[in-house]
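In what follows, structures are represented as structure tokens.
You will see two complexes here that share chain A, one where it goes with chain B and one where it goes with chain C.
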Partner chain A sequence: MRFKRNKSKKSLINQENLSIENIKSQLNHTSDLKDREIHSNNQIYIILYINSLVDQEKLESKIIKPLIKMENNNILNELYSQEISTAKSNEIAINGLLDGYCLLIKKGRNSEGFLLKTNASTDREVSEPIVEKTILGAKVGFVESLDKNIFLLRTVTKSPDFTVKKYTLGSSTTTNVSLIYLDHLTDPEIIKKVEQRIKSITLDSIRSAGDIQDCIEDYTVTPFPQLLLTERPDRASANLKDGRVALIIDGSPTVIILPATFMTFFQTTDDYITRWWLGSFFRFIRLFSYIIALILPALYIAFVSFHYEVIPLELVYSLQSSLSYVPFRPFIELLIMQLSLELLREASIRLPPSVATTFGIVGGLVVGTAMVEAGIVSYGGLIVVALTSVSSFVQPNLEMSSSIRILGFPLMLLAAIFGFLGIVIGVLFVLIHLSRLTSFGLPYFSPFVPLNMEDFKDTIIRVPSWMMYKHSKNSPHYKQEKRSRKWKLDESEEPY
Partner chain B sequence: MRVKSRISSVNLFFLLVQTMIGVGLLSLPHQTHESAGSDGWISILISGFFIQLIVLLIWLLCRNFPNLTLFDFSKVILGEISGTVLNFLYIIYLLTVICYIFIIYADTLKRWILPETPAWILFLITFVLLIYGSICNIKNVVSLFSLLFILILFLFFITFLVYGDPYIDVRYLFPIGSSGGWNILKSTSDSMIPFIGFETLLIYFAFIKQSKTISALKGVFLAVLFVTIFLTYIVILSTVMLSPEEIKITPEPVLYILSAMEIRILSRLDLIFLSFWGLIVFTTIISYTFSASMGISKLIHIKHKFAVILSGTFVLIVSIIFYYMEITLLEKWLKHLSFIFGIIIPILLLLITIIFKREVASTYGKK
Partner chain C sequence: MGKNELFLILFILPLLAGCWDERLLKNSRTVYISGFDLDENGDYQTTSIIRDMNISESSRGEISISNELVTGKGGSIKEASMTIDQSVPGNYDPAKGRTLILGIDTAKGDIYNVLDSLYRDPRVDLNAKIAVTDDSANEIITHLSENEVEKGEYLYELIYSSEIHSEIQDITLRSIRSYLFDEGKDFMLPYLSKDEEDNEVKINGTALFHDHSFTGQFLSTDESTLLLLFMETQSKKALLTEQLDKKAGGSVSYNVKSVSRKLKLEKEEKVHADIMLQLDVEIVDYPPDHLDKQEMINFLENRLSKILTEKADALFKKLAANQSDVLGLGRELIAFHPSIWKEIKGENYYEHILVNPKVKVNVRSSGIIL
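Presenting the complex of A and B:
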């Protein structure tokens, strides 16, 4: 029903010429739609605006005041508004009103009006990002306003090639979306694909970045995210310089970066600020912890219930002494632990920070110890689950770390059925899946599949920045000069 | 129909190595020892050289028909009817190989890792993996294989751990050539089985970018060389580690050696080795299923997806039947079959092509 009404309304908009009555009726005579008549210079002007969207002071000082004092009839020269456009149809006028513009119409010549920018901004102050913490990185995060986010991005990406394209999405309520890229670095193929996919979105309304992600990602049936969501302008800017594309959605402080490959999710801003040894080490730790978080519970189950002969004898004795009081099979034991951990994790998100600390102690320490002493889980199981969750917290990206949670349970089940072989089979499934995924046509598991030695420079390790001659494959045009450390040659002393 | 995807020479290397290294790996030292004694590694080297020649012949055959697989150019060479019959036979052969691999795979896993799990469950899970792994395009196959190539290197690494063993004795290899030239040559035919996989080149050569130039052969030659060295290494390792009497009674010498080893944190290396070996066998299965399904889809004109399901189901049923009836029967057949389908038929096809000057028929059009 709703859809139908929209449609009829739309056709109405297109037919009519500009008329105040029509605009009012199409906005359902909403009570915050105000109009004001101004008599100036023997002319009658009508100003139409939505009260709640307009900055009152701007309207008064920049539009109404000059209009009253106006001496000649050339409106365009007299008004102080920074953006003036003509509105020829009701549709344009209504969209302008909804964006916070005010509509100025000369009475008598109803066919033409002007849209003047008077929108109020509700920007909050730029603050430090909450989820993506860094040690040394910039303390600036994206905010909820589209223009301000573009401003934040532009200040750290000064280039004449910085290109912004605006789209309006949604059929019943509209949302502005901006596509941003550096023209000389980005593969035109990718831009074409992104534009095509964004244009094909026919959602009723866009609630958040997630809606757009759902519509444009390559594969929906996969635990692996193919778009990077970030709230850091410096990270977004670094990705733009790597030849990627950013999507900013009005009203959302998270910016979509695409195309993202598997290894993109392991990069953080700190890697590039610290020296490259440290950066590479952190990368390695993150990858290692990803693997640990994925297979450690499964390995524990396989070892304890199938292949205890694999572990050294001393360890078998100590494991067994705590296991013998546990009435459940290892799989059930770990499942109980994992699920209660998920509960703790989910609960701690909703709590205010001051309570969360207390909650962590009560939930984690007390429940954990009590569970072991009550004989519900063994010490071994507890250690494994704790290590797993710590490893999953190491992941810099929230979505990537949740892919571990989704993949971990099937792996545990396979390990409980087939032991070590089950893990291998599960991992093979994951590898086959990973090697087939693409993100906007680019191979997802990129430096490994297909094997590309050049890309290893900024994935598993981070080489010093002067060694990255060529950035990733999606920016084929980009080549860095090799001269940054030429001074070393000049300064070097002769041995004799 | 010309194939549309293209792969590079490097890709062909991965494709061939992963297809060739498979189930034969584990029991190879035992088999060569039966006929050639401690000189098994020489017969492996000889058959490796022999395979290089065969591969060269297959290339000479395939370069006449750029971008056409065996299933297409057989009709050009032999005519519509006998070509179709040959295709059918090849499909049956490829499926037989998969059945054989299935049986050995499940049997080894059952004996070494999961003694109490019923075998049909192992068949079933392999079947599921086969279906999932083979419904894709050639590019996916190649990328998966190049990723899993690391595992072969990992197998190498695991065997290095063996050298801490005090019982290692190089003298088991000497005197070189003691079992006599004729015995060594005779055992060459036995050591053909671990090399099977090269016949899939009849299909894969169609995908290569420039099949006419010699550069297409580079990847293939390197692949066969790699496999030869790898297998020789495994045979030498087992010969050195186990005394001749021990090898006679151990069907899987490599695993026996590894199971005796103990490093600090892991007490049973053979389990680790077997698990990675399982993955490598799996690539062989995917490669064969891909080829066979391609043949089936060309033969009865169905989609690749359904061809994979069809061949998978066939393999599942046949291998379960053979597993419970007669395990060794397939191996005996395969020795002769691989000789016929891998060597004799390609040579015959090549001869016919040369003598009767068969060229790409007008139905396929010039390139």
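Presenting the complex of A and C:
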């Protein structure tokens, strides 16, 4: 049941007979609901449509024109609409109207109507993704239209097993959602779980992918995202081929990929396009920078307020020389710096690109150096904060990089209270938490916990494509594919 | 146990570790070198250099270094450093001091009296180097503070490079403790002195220790290199030069590549220690050349073996005279001949040992020319 109305109206919907008057009152006599009577072949047809959702051109040339010129009474053969369905109840008729269909009713026989596809589309052109940039990857990003997004995904994933399931979510305003997976590769258990969770969504309305994410992720009280949001069809397609499931939401250019593990967020399209040495190197850099971004500020605090005997002597003197002018404790010092950086970051998102460059220079360079010269922060603190933010920018996924920013603060606090011990406690806590997390029942921190050597092929390093010849053990068609580099053997056997 | 109790325990546990004693770097006065002297009244005097680095605000990045010399007196080392703490702003912190200098008077007493307070502080750098001077430590440090301001860790590097060249025994604050409490082993420390002519602090050799105190006798760097070879603890580089007669070409320098020692201990009237040392050497400086000829090599091998055996004899006589068992023969007896050790053990067990060293030199290489 899609409409939750008051009881008096609900009873009207349930009426078997299709009634124009009822439909009109259901839609509150909205002024863009138009109807037109057409006399043709001694019959009176009524076309009902919502003006703003319908492509006028299509309606005129493909529905109205042939209808007027019609010579026999066989409507289905005469109209040029690509999709015709019968509407037997008011409910179906209204849903069709809201999707941009027009309703054709033969007067006299009110019980039957046809829904004809005449919807207007406001698709923008497919353009390069803005957030997830790549060097060599496809220059195509998802758009706001559901059908176009499925089209984009299908063109890079040609397979008879490509399966689309549609759902309509939202109880007061509705949104179409498509569940997409490759049937032969995806664990049926996961599909079942996803379907179950989607069906249980009873939100009033779906605003964005975030609403669905909130409703279906395993744990909400965690800084770690368990669903991957992407705007790249090639990335989504690659994940489908890994046996994952994609959720496309109408009106949203971000596609949800699930289930996601911790390492999923470190993969980029470029890893697989460049040679595997390079791909592995970048993968390693990303993991390394993740750790840096997480613990560097905490380490700095522990160094300068507890354990400076571990810093080399020369560094002690130079750190000390700029620290001695700072009136705050190291924790406060870094907090000021980190917060002002967060301000800069947040401010620069809303700025037009032309102003953003100037803003970056004024905000970053001028404020940074002025802060040091005014003695608010030390050179060491500035370096640490700068390195931390650069490291967090290395993360290919926005949500993952935000998770480090959030986790960084409690770690800093722990380091300020307990020094190294605090960092150890904090990091242990994060690791335990990671190991406990699941995404759709699958361990989130795999392949580290539980340890699975086989899966390391595509984690810290990326092995060459021909070495990844096994599918996930949970997929229905788990099998070993043929070796791709067999030609080498063949060539060496060739006689010269 | 309830969930709340568990949480409480988890919360309290880190507090129990007692790691909250914050020591802010900006408040600390980091010591870069420390020296200890003993005056006539039995009071200790600690001299330290506190280094300050100033990055000037006006001209960016320009660094100026200044040394502050502080001294304090007290009945114990700790009291002396408390006296210093009273006279400096911030916390006097000896944790980063990488070189410790013992004045001659301190060294001649029980040096463990000085080191004890250092071992009790968990933050002290255990890899600190220890050296003995021929004067008061105050003198040397004052000199360093005035003359070596810009030279970074002058003394540490001086000692470190000597270790690399096998001129002194590799001893740190950590390793010296096992020598101090080993009844069958002694040690030697670098012996510093101020060269008045060059106005420089130099390593003049190594100071021989017996038990906990300096014997007053020191070895030259050549002698201590030879001793290190006998101990088989030389570094990668052990360069020696011997004078030959004019006819044979003046002098020859060689680098010891590897050492093998055979030690035989026998009890007769005294304990006889026969040490046979085989040195594989590489000739690094020998202008007469012609090292392709077997007779030339034989000649060098014989001459060097003879010279070194003589030197070793003199060396072990020196050690015996000072009862300094740097070689660790006592330890050898404890380990392999406990029955002999039982008979001779005591404060001056080294009197009962007679060392008969023999050196055999094998020329293995002549560099890239013959």
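Quick note on the criterion: the second predicted complex is superposed on the first by the 468 of 496 C-alpha atoms of A that agree within 3 Å, B and C clash if a C-alpha of one lies under 4 Å from a C-alpha of the other, contacts with A are read in each partner's own complex, and residues count from 1 in each chain.
Please note the rule applied: a contact is a pair of C-beta atoms (placed from the backbone, for glycine too) under 8 Å apart; a residue touches a chain by one contact, two chains touch by 3 or more.
Please read all numbers here as calculations on a predicted model, not as lab measurements.
Colleague: Which term applies to chain B and chain C once both are placed on chain A by superposition, clash or fit?
Modeller: The answer is clash.
Colleague: With the two complexes superposed on chain A, say which partner A:Ser435 touches: chain B (first), chain C (second), both, or neither.
Modeller: A:Ser435: touches chain B, not chain C.
Colleague: Identify the partner contact of A:Lys192: answer first if only chain B is touched, second if only chain C is, both if each is, neither if none is.
Modeller: neither
Colleague: So, does A:Lys107 touch the first partner chain B, the second partner chain C, both, or neither?
Modeller: In the superposition, A:Lys107 contacts neither chain B nor chain C.
Colleague: Which holds for A:Pro443: it touches chain B only (first), chain C only (second), both, or neither?
Modeller: A:Pro443: touches chain B, not chain C.
Colleague: Tell me which partner A:Arg485 touches in the superposition: chain B (first), chain C (second), both or neither.
Modeller: neither
Colleague: Touch test for A:Glu314: chain B only (first), chain C only (second), both, or neither?
Modeller: second
Colleague: Looking at A:Lys69, would you say it contacts chain B, chain C, both, or neither? Reply first, second, both or neither.
Modeller: Once the two structures are laid over each other on A, A:Lys69 reaches no partner at all.
Colleague: For A:Leu323, decide between first (touching chain B), second (touching chain C), both and neither.
Modeller: A:Leu323 sits against chain C, while chain B stays out of touch.
Colleague: If the two structures are placed on top of each other, which part of chain C overlaps chain B: 6-14, 24-32 or 258-266?
Modeller: Here chain C runs into chain B along 6-14, and the other listed stretches stay clear.
Colleague: List the residues of chain A that touch chain B in one complex and chain C in the other.
Modeller: Of chain A, residues 309, 313, 418-421, 425 contact chain B in one complex and chain C in the other.
Colleague: Would you mind writing out the residues of chain C in touch with chain A in their complex?
Modeller: 14, 17, 19-20, 22-26, 28, 30, 32, 51-55, 57, 63, 65, 95-96, 98, 123, 125, 152-153
Colleague: Using the touch definition from the top, list the residues of chain A that touch chain C in their complex.
Modeller: Touching chain C from chain A are residues 303-306, 308-309, 313-314, 316-324, 326, 329-330, 373, 379, 417-422, 425.
Colleague: So in the complex, the part of chain B that touches chain A is made up of which residues?
Modeller: Contacts found on chain B: 109, 113-114, 117, 125, 129, 132-133, 136, 140, 142-144, 146-148, 264-268, 271-272, 274-276, 278-279, 282.
Colleague: Would you mind writing out the residues of chain A in touch with chain B in their complex?
Modeller: 307, 309-313, 418-421, 423-425, 428-429, 431-432, 435-436, 443, 445, 448-451
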